[in-house]
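The chains carry the letters A, B, C and D, assigned in the order they are written, with residues numbered from 1 in each.
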């Protein structure tokens, strides 16, 4: 189930320490300008390098294998790959036998009957989101005049992200964070009830991103403490503009033309330097583990662009579906 | 996009004040015992009637149109319908012209170019969840020995639900709530990375349910304030049992065998008796609206069984997919 | 797998002797006029009654359960059912134990582990095509100015269909036939390579119709004996009109604007009155069977409208997809 | 729509003269041995080189980008590519302006608004079937003990294929052919009514292959001239073995355990050296065209392995679906 979407369909492939990772983007309209350089800003935002991110360095430059000719999409599927280069697989030898708490090591062994490529977490690695971000660059071009902007608004429970990072690094530990995503000038009336609401489409993609454990739209969980008269967003003009935006720009699963707003929570990186209890598949004995290797103190730092990409991909699909059914 | 699922596929149809509402359940294994009475407990839990729910009374009894013979599923699609009877459509005449804030009135007019059946909110009505609950009854039979239990754990921001209800009724207003869903004894290793993780499958269905605006798994949004060493669930045996359950029973999108736990937030019913600002499509003038008709003070009261159904449907699909690929 | 289509999705349900048969049509654009009477001409063409068709008489009148309001589609799924009335299930008691050669009796027992509803062939009955024809009526309204016309051009190997029928009835046997389907004034450039070519979309639906065993487009199997210089259709104007039509209006899986033409072969009804060798599941002994019951001498007589429906449904889906991607 | 399948999903990408062509295979069970050498026999059967095939020479060696670790599938998507090397794009410059009769030049210009990559027919090239054949190699490993064998049984209307080739080459023209495909020892009871019958699944994939214009199962079009008593295959044992095989091993869309047999027709290569009437997009004038470049006299020669691959892919998907639903 490595592809998603109804018309605008994205298929991801690759493993963290495999030959290459990549993405096939199907249902992409012809005539969209796509140059290799277009991908760099978003791919660089996703990259590590800043304080609190892993020391692994990948060039991450995209090679366009198909679907683009003379700098323009042709209507055929667009395929993008990047080669993996900076691999230290020995870092991961242990995890095949001693699963890291909080990580997919245990379940991937069980699900794939021991055949998983465990190196760098294989297909479960956050590295696979490279293809999501690359597809997002194209999806953003389909979303017309919308602007999708995601930001890390807190980390480690603190709005002072730098301070939270410093403390976590000192403790040799990791922290999570909250990302807020806004879509300015969104298309009106996209989203398909009953089963492909805007929230359904976005959350489906968002929960494919490793480490995300929650999503809320508009007022979100605060809505549980609100009265209807507070939560309802009163109209202030006949174009549907509302005085407040507790709905996050979505009613009945359909965009209402107001800014779209949602938040996601990113759990702390599970690869922490602190001792944890686990066991060994080899001898069936309990043991402890302190994860070494190169990891992110706060993976949430690299997440905003990934959240934007997931949003853009969901929106592109909903736009094409809506256009197909309604001829607009 | 009124069907969902890869193998176990559920298609919903109907409008609140139409002839009937129903569901087609495809990919249902043969040999499952299904009697009309099997549906009653869950359908009754979904019904209104208790304090804080709408005065509309529907028998809601299911008629089995296909797929069941001699009390057993045949492998052909199972179709269930129920007729609508207690309809007072005149209550809704106004909303075609004056959209209720917080409701789908505005977007459904825009999306469907004025052709929407607005009576009782039509296809956007919570009434359509009847089919979801009915499908859930069959899905639960596929989930084997798992037990799915959802509960309303707070309403109007208060764990004292009765008190919150009393206050809201007095104010002629409405309240939201939080539902917690647990799956005891869940199947191990269901969920498909990259794009059909357990969280993706569940949230996709959950966000099709009207009024739900957020979902979080395990520690959820609290994870943003936690360290990795706290959030990671240490193993306490070699079968994968963990001391804590911050992951909510899911790592890397795959169930790890521990209890599954997630929470959803239900916004307050948008049909409130308090005056709200809106406008009229007819004359293009701003106006105010006080919703009459029969509505739920707290729709969240009726939601737990719907959340269970969505969970069971997602699980049934993931189980059949996993079984197909892995031959187990 | 009882639904098909990407945007315009059709789900069939029901059994020959069950409560009702029907169809859910999803992705149907709003604003299409749909009156119950609209269905009658095509449903009547599908009905039995003429010489060579079964004596079973069903009113076949459609009940619209959802998706239509004030005689117009709303954008919500359209559901149509018809009740089964003229059932003589005892005719079929024997086939559970003694499978009819050429029929699905044997495979349905094996596939569904004995849980199949065998009455009237259950879900394998040609009766299930009622929903296909009903959906076709709506699909035809989406195909714009195209006109889809299918005709039985031969039966029992003879273009003199009446004579072939007479002989078959005298022999207490059954005959097959060939149906030719043309689409006049078809839309240009629908069909999606690589995997949803016009031929793929049509043949996928066509081979769901019981008794169809072959399909050929344009010159079809004759192409095997032709030279490229003969088979290629030379252009005669700059709009793409061609002098011949060996391609059947399709190049590279995409409609070229010329008339679409294809033929399908319908095998002779397997329920023949002639003695045949089979066996008994009950005692594991070989035996013979002479099918009684009420059956069609030539089911192909009732097929043209079903072939039209399948074509219209495929075309509607391809039109909506093309419109979505290309914004036309 | 460049992916196909429900669980076992194949996505094709690439253009004839692009950087590379390839395939992503999703839903592939873990634990299947896959070495690069495994692909060579089938890829070589697909290659040109023999008399009557194009002079273009591609190494066609597969590079495995993902999904295989230590020579075994991991359960993650398998990606295979091959680089295009022997490209002479100037051969195709003319066709952007002067569409070849019988080819996709005209429709691809219309469908993709002039943005198609026309070099070597771009995404419409038979070269894209490389990925289909590569995926077929893996699919064959899933089909268990079945053996899929396709053969060219006639070309140019003649069973003497060599003679037909000689004549066509002398005439500077091209010929079509008929391929027969048999599946020995097929799995029993795969195929899903109502919309994913064995015939539907196979024909959907088969009609994605360029140049195929017809398919018939078992007796096929001959069934139109047969009586039911002749066409029905009498059982000769209680395991379902039949005396004849007019059904081609399929009843009611489900395999009956007897050999599967079907035939497809391949039209003559449209790129013929004989003069043909066409027009010029540039000046809107009618003109004639004699195709030069490097082409196959009889593309059907290279088709058997492609037909096998499409069959294997359809079967793999049906097997996984059947296993998922029926737990066998």
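The working rule: a contact is a pair of C-beta atoms (placed from the backbone, for glycine too) under 8 Å apart; a residue touches a chain by one contact, two chains touch by 3 or more.
This one's a predicted model, so the numbers in the text were calculated from it and none came from an experiment.
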*asked:* Between B-C and C-D, which chain pair shares more contacting C-beta pairs?
replied: C-D
*Identity of the chain that, by mean CA position, is farthest from chain B*: D
*Could you tell me the distance, in whole angstrom, between the mean C-alpha positions of chain C and chain D?*
25
*CA centre of chain B versus CA centre of chain C: separation in Å?*
36
*Using the touch rule from the top of the page, what residues of chain D touch 2 or more other chains?*
1-3, 6, 12, 27, 30, 75-76, 111, 113, 123, 193, 321-322, 326
*Touch list for chain A against partner chain B, complex*: 1-4, 6, 10, 12, 99-104, 106-108, 110-111, 113, 123-124, 128, 154-157, 168, 171, 173-178, 188-189, 192-197, 199-201, 203-208, 210, 212-221, 223-238, 240, 242-243, 246-248, 251-257, 265-272, 274, 276-279, 281, 284, 286, 300, 321-322, 326
*Tell me, which parts of chain A touch chain C in their complex?*
6-7, 27-30, 75-76, 193, 320-327
*Complex contact set, residues of chain C against chain B*: 1-3, 9, 11-15, 18-22, 24, 26-27, 30-31, 63-67, 69, 72-79, 81, 111-113, 115-117, 119, 122-123
